[in-house]
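Shared between the two complexes below is chain A, which has chain B as its partner in the first and chain C in the second.
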Partner chain A sequence: MSVIALEAVSRWYGNVLGLSRVSLEFEPGVTALLGPNGAGKSTLLKLVTGLLRPSAGTVSVLGEAPFANPTIYARLGLVPEEEEFRARVSAVDWLEYLLRLHGFGEADAAARARKALSEVGLDSAAETRVTTFSRGMKQRLRIAQAVAHDPDILVFDEPLTGLDPVGRRDVIDSIRRWGSQGKTVLVSSHILHEVELMTREVVLMNAGKVMASGNIHEIRRLMEAHPHRILITTPDPKRLATRLIDQDGLHSISFSEERSQVELETQEPDRFYALLTELVLDDAATIHEISSPDDNLEAVFHYLVGK
Partner chain B sequence: MSTSRLLLVAQWNFSQLLWSPRTLAMGVLAGTPVLIALVYRAAVLFEIAPKGTDFGVFATLTATVSFPFVAPMLSLFYASGVTSDDVEAGTMRYLLTRPIARSELLAGKMLGMLVMVLFLFLPPFVIGFYLIVAPSGWQEVGTRFPALLWDVLAGILGLFAYNGLFSLAGTVLKRPLLFGLFFVFGWQAGAAIVPGTARYLTITHYLSSLLPHGSFQGTLARLMGQPSSNTEAILALLAIGLGTHALAIWVFTQKEL
Partner chain C sequence: MPLHDLSYQRFEGGRTEQLARSLAIARMTTSLLLKRRSFLLLLCACWIPVIARAAQIYVARYVPQASEFVTVTARLWQEFLTQQVEYLPVLLVALYAGAGAISTDLSSGAFVAYLSKPISRFDYFLGKAIPVFLAILVVTLVPALALFGVYLSVANDFGVLETAPLLPLSVIAYSLWIGLYFTVFVLAISCLSRSGRVAGAGFVALALGSGIVLSGMMAALRLPSPPASLSMIGATIDSAHVFFGNVSSGDTPYLSIVAMTSLMLLSAFVLRRRLGSAEVAS
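Right after this comes the complex of A and B.
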């Protein structure tokens, strides 16, 4: 049984379709939800966290329907999308209150609140009123409240919003750590290169539908309509291009003496890399660098979503 | 339902409300009976106003200011925000994703609000009584004390009913304040003077019926029809309070926020 499972889930907002027959399963580890605004990422996260009910289909978290289900919430932490936080309380008081709602005693709640604030770098601001916090500090507090009770499932809606570069790095590191600890972590984001630092497991969404899901490289490999671009930097690009031109499986090949580069397109990158290795060994050709500029999340996202 | 968590929510909610700007404004409203009592005492002292029956002045104050105006306004401005306060403060989603049943969460919040409203309403009401009646002598205070207790009981029941109604409005409607203002100043005021059974659909009818010394609306109600008996009025206020609170909880448990 998957930790989180959605089966043919649709969600309507009046006449507007927010999510259309989505079926997904999430296991422990980090999975990123990617898509432009209106793709359905937040709707999916709200369904998983039981803030919304599906119009059709079923959502199950730890085998139970999550809507308003306290059993699920004992094991779930949510960082909601950024919104104003105007509670007139100190950070530590707020966290203590939330932890006490989890059933922790006064002393335990206080200790856990301090620890969570320390983990997100807010220990010096623990007694400060949240209303005076900067955007980044509020985002750190959102993360602290989600992890303070040590949940098994973590759901982050745009967790990097408002954070400075150091904060982003810290959060990315933490998300990877939680994933490697066996927690099930769902992250929605539109900052593709930062998502790539968190995980290779992605769900690409657009217009309420899942365009693709799985390992990003696997998804890329399956995209036959878009051959892989490979750039090879070599001191003699003409010679290498001549050697490659007869090979099967190449869609196109070009070279630039100026940039010392050969650029080619292939549907079978793995086969090509094996071939290249043989060529290098046979010809003693010198290769300085090999790169595949469209074997990444941004390219896959662009090809699938067209944005 | 876990009593300890319900009380935790109530306590938190009360402490949040206690130090809010709203309570500052509502404190002024709640202090109206004290202010009027002081003005009355000053007027009597400087012989600007003729000295009437002190308890009669208190009764008029109760019937025209405290019950028909202060009590519903206090309830309206607190209870109508029972869910919107947290939505506007950006704290609702954090609360909804805690392992506490929604029914406990809302019941705790409503309890905190009721305590807040009673905390604001009752002390000035009692102080107003002493300011007005005490100069007539402690024997008069002793004589009128049971009436004060009865008024306090009626006030608690009235606030319970108003809080339930406005909590329900706050849970169901997008603009509960408008509904509340219409209910208090439109529907209740109108229904009290309209012949027929419309007055039974107001809280003020039952509240007026409980006042031992009669009230402005109660007097009019007597002209248009009989007030309800004490038992009927108490049961009606309890039923309104319990029913509306329960309905508000049910709506909240079903609602997507």
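Right after this comes the complex of A and C.
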């Protein structure tokens, strides 16, 4: 049984379709939901965290429907996208208060609150009123309140919003570590390179639909119909292009002598990688670098959503 | 220690009961209310009538010349409590403590924080209702009991309690009734808006406006005055006759009780619809 399972889940907001027949399963580890604004990422996270009910289909978290289910909430930590802190209380009081809602006794709640604040680097601001916090500090506080009760499932809606570079690095490292510790971590983001630093497991979404899901490399393989670009840096691009131009499966080829690069598009990338190796071994070509501009998340995402 | 090290956090101890979680919400809400100087001033102002009533008891006991026109009977407690409703202390306290109780959470996103915690929607409601209820009791039941204290400390007999032995129970029951009525109603209004001000304006308009508008309409149509039960304040005052056991032929207290019960049920229905099935779409 998957930790989180969605089966043919749709969600409407009035006449607007927020999520359209999505079927997904999430296992322990980090999975990133990636897509532009309005893709349905937040809707999916709210369905998983029981803040929304599906209009159709079923959502199951640890085998139970999450909506209005305190049993599930006890094992779940949520970092919402936006939450203002209007209460005139200190950070430690606020955190302690939320831990009391999880059922921790006064002493346990106080100890955990201090510890969690220390871990997100807010120990020096523990007694400061949360209303005076900067955006980044508030985001750290949201993360602290999500992890302080040691949940099995962590859900982060745009967790890097408002963080400075050091904070971003800390949070990315933490998310990866939580995933490797066996927690099920869902992260939504539209910042591609940051997602790539967190995980290779992605769900690409657009307009309420799942465009693709799985390992980024697997997704790339699913896209065999789409020509794969290979960028080769060579001191003699013209010569290399001549050797490649009559190969079967070549979609297009271009070269730039100024930049010492040859770029080819093929639907059989594996065959061309092997061919390039042979050319080097036969001294038929000198190659300094081979790279695939398509083999990163941004390229896959742009291809899938047509942007 | 790095952010990811959660090894210390494995919790083997027991968890508190659900009621303790409601009480945690109530405690936080109450402490935030008590930090507001304006709220404390309001509470103090609401106690001014208590001083007047205490003076009345004192004068009746120690100034024989005044005994003809200043008396202490069971009616004093009923009048005190109905005046707390009629002259708005109850309304103002309910407004201050309750109008923004839920609406502020809705607008700030704190509602999401609550809903993602292992508490039921009823726990949340209870946590929000307790401070409002207690605040109303602070200006009804507590001063009424304080007046008993004053009376017992200065009286040379227990005449009032001898003639009305159930008076303390009546005071307690009527105070709880007032508290329940206003608490449920103001929270129902609060959950309908994301703005505490709008909710507050709506609460005052409905609480005060219902009687005024209805009376105005009846007068314009040259019809007899509407029964008290059709006004929120009027019904609360009218219902006191039932609790204090002095229903006379001209009163309509049972109708008021029915009207108040109906409004509470309607409020509970609204709260259930808004909180019980609440989703967080944005």
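Here is the rule we go by: the second predicted complex is superposed on the first by the 302 of 307 C-alpha atoms of A that agree within 3 Å, B and C clash if a C-alpha of one lies under 4 Å from a C-alpha of the other, contacts with A are read in each partner's own complex, and residues count from 1 in each chain.
By our rule, a residue touches a chain if its C-beta (ideal position, glycine included) is under 8 Å from a C-beta of that chain, and two chains touch if they have at least 3 such contacts.
This is a predicted model, so every value here is computed, not measured.
Superposition of the two complexes onto chain A shows a clash between chain B and chain C.
In the overlay built on the shared chain, the residue A:Y13 is in contact with chain C alone; chain B does not reach it. Contacts of A:S174 after superposition: chain C is touched, whereas chain B is not reached. Judged by the touch definition given at the top, the superposed model places A:P80 against both chain B and chain C.
Contacts of A:V147 after superposition on the shared chain: chain C is touched, whereas chain B is not. By the document's definition of touching, both partners, chain B and chain C, reach A:V89. When the two complexes are overlaid on their common chain A, residue A:P293 makes contact with neither chain B nor chain C.
In the superposition on chain A, contact is made by A:E119 with chain C only, not with chain B.
By the touch criterion stated above, A:P70 is placed in contact with chain B and with chain C alike.
Of the two partner chains placed by the overlay, chain B and chain C both lie in contact with A:G103. Set side by side, chain B and chain C differ in how many residues of chain A they touch, and the one touching more is C.
Of the residues of chain A, those at positions 49-53, 68, 70-71, 73-74, 76, 78, 80, 83-89, 97-98, 100-103, 145 touch chain B in one of the two structures and chain C in the other. On the chain A side of its complex with chain B, the touching residues are 49-53, 68, 70-71, 73-74, 76-78, 80, 83-89, 97-98, 100-103, 145.
Of all the residues in chain B, the ones that touch chain A in their complex are 5, 8-9, 12, 16, 19-20, 88-91, 93-102, 253, 256-257.
Listing the residues of chain C that touch chain A in their complex gives 1-6, 8-11, 13-16, 20-21, 24-25, 28, 32, 35, 104, 107-110, 112-121, 276-277, 279-281. Chain A makes touch with chain C in their complex at residues 13, 46, 49-53, 68, 70-71, 73-74, 76, 78, 80, 82-89, 97-98, 100-105, 108, 112, 115, 118-121, 143, 145, 147-150, 170-171, 173-174, 177-178, 181.
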